[in-house]
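Below: a set of structures, written as structure tokens.
The same subunit A turns up in both complexes below, where it pairs with subunit B and then with subunit C.
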Partner chain A sequence: MKKIVLDDMMLTKALPTTAGSRMLEGYMSLFDAEVVERLTAAGYEMAGKAQVGEFAIDLVGETAYTGTLTENGKLTAASAKALENDTVKGVISLDVNGAPRRIAAQNGLVFVKPTYGTVSRYGTVPVACSGETVGVLARNIADCREVLSAMAGHDDKDGTMHADALCKKAADGCEKPVKKVAVIKMEADADITAELEAAKAEMVANGIEITEIEADVLSAAKTAWNILMCAELCNNVSRYDGIKFGYRTQNYTTIDELYTNSRTESFGALLKTAILFGSDVLSTKNYMAKYDKALRIRRVLAEAFGKLFADFDAVLMPACSKPAYTETDVKENPYIAFEENRYTAPASITGLPAVVAGGVQLVGPAFSEGALLDLAALLVKEGK
Partner chain B sequence: MDQTTLQSLEKLNQLRLTDAEKEAVLAFFARQDKEMAVLDAIDTERVERMVHVMPILTVVREDVEKKLFTRDELQKGAPETMDGYWQVPRLVE
Partner chain C sequence: MKFETVIGLEVHVELATKSKIFCSCSAKFGAEQNDHVCPACCGMPGMLPIVNKNVVNLGMTAGMMLNCHINRTTTFDKKSYYYPDLPCSYQTTQWFAPVAVNGLVDIETSKGKKSIRIKQIHMEEDAGKLVHDDWTNTSLVDFNRTSVPLIEIVSQPDLSSAEEVVAYLERLRSLLRFAKVSDCRMEQGSMRCDVNLSVRPEGSDQLGVRTEMKNMNSLSAIVRAIEYETARHIDAIENGTEELVQETRRWDDVKGKSFAMRNKETAGDYRYFPDPNIMPVVIDDTWYDGIKNSLPEFPEVKKARYMSEFGLGEYDADILTGSRALCDCFEGAVAECGNAKEAANWLISDCMNLLNKNQQTADQLTVNGTSLGKLIKLVTDGTIGRGNAKKILIAMFEKDLDPAKYAEENGLILSNDTGLIDKVIKEAIAADPKAVADFKGGKEKALMALFGKCMKQLKGNCDPQVLRTMLIDEINKA
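On to the complex of A and B.
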């Protein structure tokens, strides 16, 4: 039987779901996420869960309450480790702040973040609902495509879904092969630059026209996504109060102490900062200047991509700044995930599909996953 | 962002930071404030807000009562319950 691993943002009846947070330690869901039901019906076996960073907003999972995974001084991810087992076909990951894309880029794996609204988010732990997407991390393009195809499709239980035909088209179809690619100039280290150069050379060798462009407007995506993501997160995690489920402090006498101590003791530093920042941008004083501004910037970015895709079929850009992160990186800058997302935020905030393969990221117009996966197969020479 | 505002945000969000955490959070806020310049440089006065990246249609379902879970099932994950109720500290003295 084909095995699937789920990242710990997917609710499952059989296994605890923690979202990487002490707040949900031991939490058992009463139902399975829609993607779990679909994959099970398609004949996949749910082999287990992979640890994620707290509410999936960090770099590659380093903020999980169970501890940071490292190997030879470098941060590593449980989902990448799961794929070292050949019997595992793919890991289903919730892409909130780009972590699965960075994991794919840094581990020689493939990740597809489908068009927003083509894979059901019913039964995923909600964080930044307007942009987070359920995707597939796999060893190769074929596995990615197969698993995505099995889980994509309209679901009435998720109010943010496209019609079934569009969902299926995104997963299966490739009406317009990629012929023209825009390469976005972005700073990255020598190794990542070399991977981009290799991707460009492979495209040229396959007759794809590439054009290097400046896209300054995309630099706004990171700041705008940080605002929107934290605002939505702040609301979504307000439900965790130690009353109906989740962690409850032993140190309380009043209801206020129960709430405050439960949240303070169980939430990590990055999450607390994100909550406070989200709360601040939604305050009366900052709502228009920050939250409302970020919503308008989202449209500016969507329109900028729209113009870009009038001339090009896809965009090539890095997925991260370096081939691996270390514990020192996080120690020196605890908010590094909110900097590194400059590569992933453009697709997150606009809901566009992205495919990471061969260490680089491809972004395309809505419903172009099929074409992006075909292009990615060229880059990693799959099927040759 | 100053200490007083941060304190009120902590209270609002039922959180309590250590002094070291406060310092780090204030530095984060300062950095984000600085980065607002990138957004402010883009004129959005005539740009409409984009709350959803796709057209959202209200999902309409049949108005049929469904009992998905029992009370016992819903209270399974509760830290403390008593006689079928969620237990909290006394609210009224």
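On to the complex of A and C.
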């Protein structure tokens, strides 16, 4: 039996789904996520769940209410630990703010974030619906491809999906192999830079044309994504009000106290910051200057990528600034996840496919994940 | 100083769809609490909204009936606020690109005709209902109504009296019922109204301080609330009895007063933004034309046509065009029997009587027009008597049936058996020689007694004219 682990953003009837938040401690869904149904139908066994950071917006899962996982002082991720077990084929992860991509880059794993709208989001805990995507974390390219292929496809229950043929093409096909790669210049530490250099060398050795480019426009992606993500998040988590399900405070006499105390007592600091930030950018006062502008930046970025992909088949860029984070990093800058996402936000905000392998990130035009996986195969030694 | 009242209305109308706006739960009124719910309309995480196409159809229909421009690309947006009857703590509505804008509705009052401008019509989901249990001092939530589709019709502040407001609401109700957009039943909450009101010196072009009264659900309450609120505003301006503030007020119809709601209930920023889970709805020409071609005639156009084409009197035409159900039945009957006057009579007297007896409104008429036409034909060609036809009509109220077949099966066909009629008459005359003598002596009433006995004997299956003629002949012979 081929085993699959689900990150705790995937709703399941059999196990509680918490989204890493005390608010949803013990929450039992009445239905399974579409991806769970598809994978089960394809013969995979749902072996268990991996904890995630609260609503999956942090670095690598360190804000889970159940506690921060560390190893030798470094932050580690439950999904990466799950893949230490050879019988687990892959971990299904919701890529909201790049966490699974950082986890892949820092743990020698492969993650594919498919094109937005090719894998159903039905039954995933909603956070930033306009950009979050269900992807596969695995030990190697072949496993990634196999699992993605089993779960991609049109679903009538998700109104943002592409036609079935496009979804399938994205997962399976590789019509146009990558021949030209643009390398986006971005700051990163020596280890990450070394990995990028190794990736470039491998590509050149395989006859792929490499061009270093400046793409200042992409630097706007981080702020714009933080605005869109937090705005949608604040709206999506507003349903957790202590009334219907989830955590309810013992400490209230009025309805306002019931709301405020339930949320104050069960939400973590990073989530609260995101909620406040999201409420602010949607306020009447700031809507045009912040939220609406972020929507415009999303379009500018899509156009910028469009131009880039007229000349290149894919771009190569880091997925994170360093090979591991420590608890000190987070203590010194509690909002580090909203900084580190400068590498992941461009693909999140545009919905473009991204593949992380060999410690680096490849981003391609829509529906090119097949080609990106082929390219990524050059960067990792298969058969591990 | 003379004052004038400036009123704008926001009218919520529940759409006559079978299912809810974003899920397949039933939208029917009156089920057991929390019977019509699923994870989607309870706000559970992981469910995604899929727009019910029929909601858009009815939104467009309403827009066209109210002479609006239809936005060919219409979008859904989220409106955030906390209340226990709102499961997601946001309502999906239309803020940036509502389905219809810039309409016009004509009304008529004692002061004459007037056009009321419509600012916009938007589609949205309804909220649930809180049930307060005083016994245990708790509140319970009923989600049956959550996500039942609504349209909100927002007028410009063009109304200036309670009379105009009533005329406007009745006009909306008539048009929307005619187009089968909604049953618009205020007592069931399928039509509700927020009244925005301010007062200013007559002729001024400045608007006064505006107050809003929410969720008014009866015309008489609306009239009383407008009169009360107008007087309160004038009193405040003229006599300085209180300082007017822009606020939401609650109308207490029992006390006959409006009360300021706590500021906390009304303050707040709704933080509207486009719903990323619902793609913009693009209305192409085929879709647009399909709805346009399905619109009914306006009631007044129909009325004029009934008078000119079918020769109906104004009174009859008025009653028929008061309800789409009557019109549909009437037109079906005329198409079948070609006799508009008879069809109108059957509907206005017999059908209306039966509806009244069943405590139903004209809109609830279910009689099939074609079947009614067949029934009328059977009467006019002498196959069945009028009395028996009424019995058949009662059966047609229960379920649609073929009148000829029903008459045959139940022995309601007029008898042409003159031998039988002759026999019955002879028996009757023999049994009551006094009546015969009285009639011969000039007492007309005596004939009616004999006639009634014969008809009873014949179980009504006899043409009254034939019976009368044969009866008189027989008496004269005797």
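Before moving on, here are some points about what is shown:
Criterion: the second predicted complex is superposed on the first by the 381 of 384 C-alpha atoms of A that agree within 3 Å, B and C clash if a C-alpha of one lies under 4 Å from a C-alpha of the other, contacts with A are read in each partner's own complex, and residues count from 1 in each chain.
Rule of thumb we're sticking to: a residue touches a chain if its C-beta (ideal position, glycine included) is under 8 Å from a C-beta of that chain, and two chains touch if they have at least 3 such contacts.
Bear in mind that the values here come from a model prediction, so they are computed numbers and not experimental data.
Ranking subunit B and subunit C by residues of subunit A touched puts B first.
Legend: residue contacts after superposition of the two complexes on their common chain; A:G123 is shown touching subunit C, with no touch to subunit B. By the touch criterion stated above, A:T284 is placed in contact with subunit C alone, subunit B being left untouched. By the touch criterion defined above, A:D156 reaches both subunit B and subunit C.
Touch criterion met: A:R298 reaches subunit B, while subunit C stays clear of it.
By the touch criterion defined above, A:N226 reaches subunit B but does not reach subunit C.
Of the two partner chains placed by the overlay, subunit B and subunit C both lie in contact with A:I255. By the touch criterion stated above, A:Y247 is placed in contact with subunit B alone, subunit C being left untouched.
In the superposed pair of complexes, A:L30 makes contact with subunit B and with subunit C alike. Using the contact criterion defined above for the overlaid structures, shared-chain residue A:F267 touches subunit B, although it does not reach subunit C. When both complexes are aligned on chain A by C-alpha atoms, subunit A residues 30-31, 130, 156, 159-160, 234, 238, 241, 243-245, 255-256, 259, 279, 295 touch subunit B in the first and subunit C in the second.
Residues 1, 5-6, 9-10, 12-17, 21, 24-25, 28-29, 31-32, 35-36, 38-40, 42, 44, 47-54, 56, 58-59, 61, 68-69, 73-80, 86, 88-89, 91 of subunit B touch subunit A in their complex. Touching subunit B in their complex are the following residues of subunit A: 27-28, 30-31, 116-117, 130-131, 156, 159-160, 162, 217, 219-220, 222-224, 226-227, 234, 238, 241-248, 252-261, 263-264, 267, 269, 272-273, 275-277, 279-280, 289-290, 292-300, 302, 334-335, 338, 349-351, 366.
Of all residues in subunit A, only 11, 17, 19, 29-31, 33, 121-126, 129-130, 156-160, 231-232, 234-236, 238-239, 241, 243-245, 255-256, 259, 279, 282-284, 287, 291, 295 touch subunit C in the complex they form. Across the interface of their complex, subunit A is touched by residues 39, 42-51, 78, 80, 82, 84, 87-90, 141, 264, 269, 271-274, 276-279 of subunit C.
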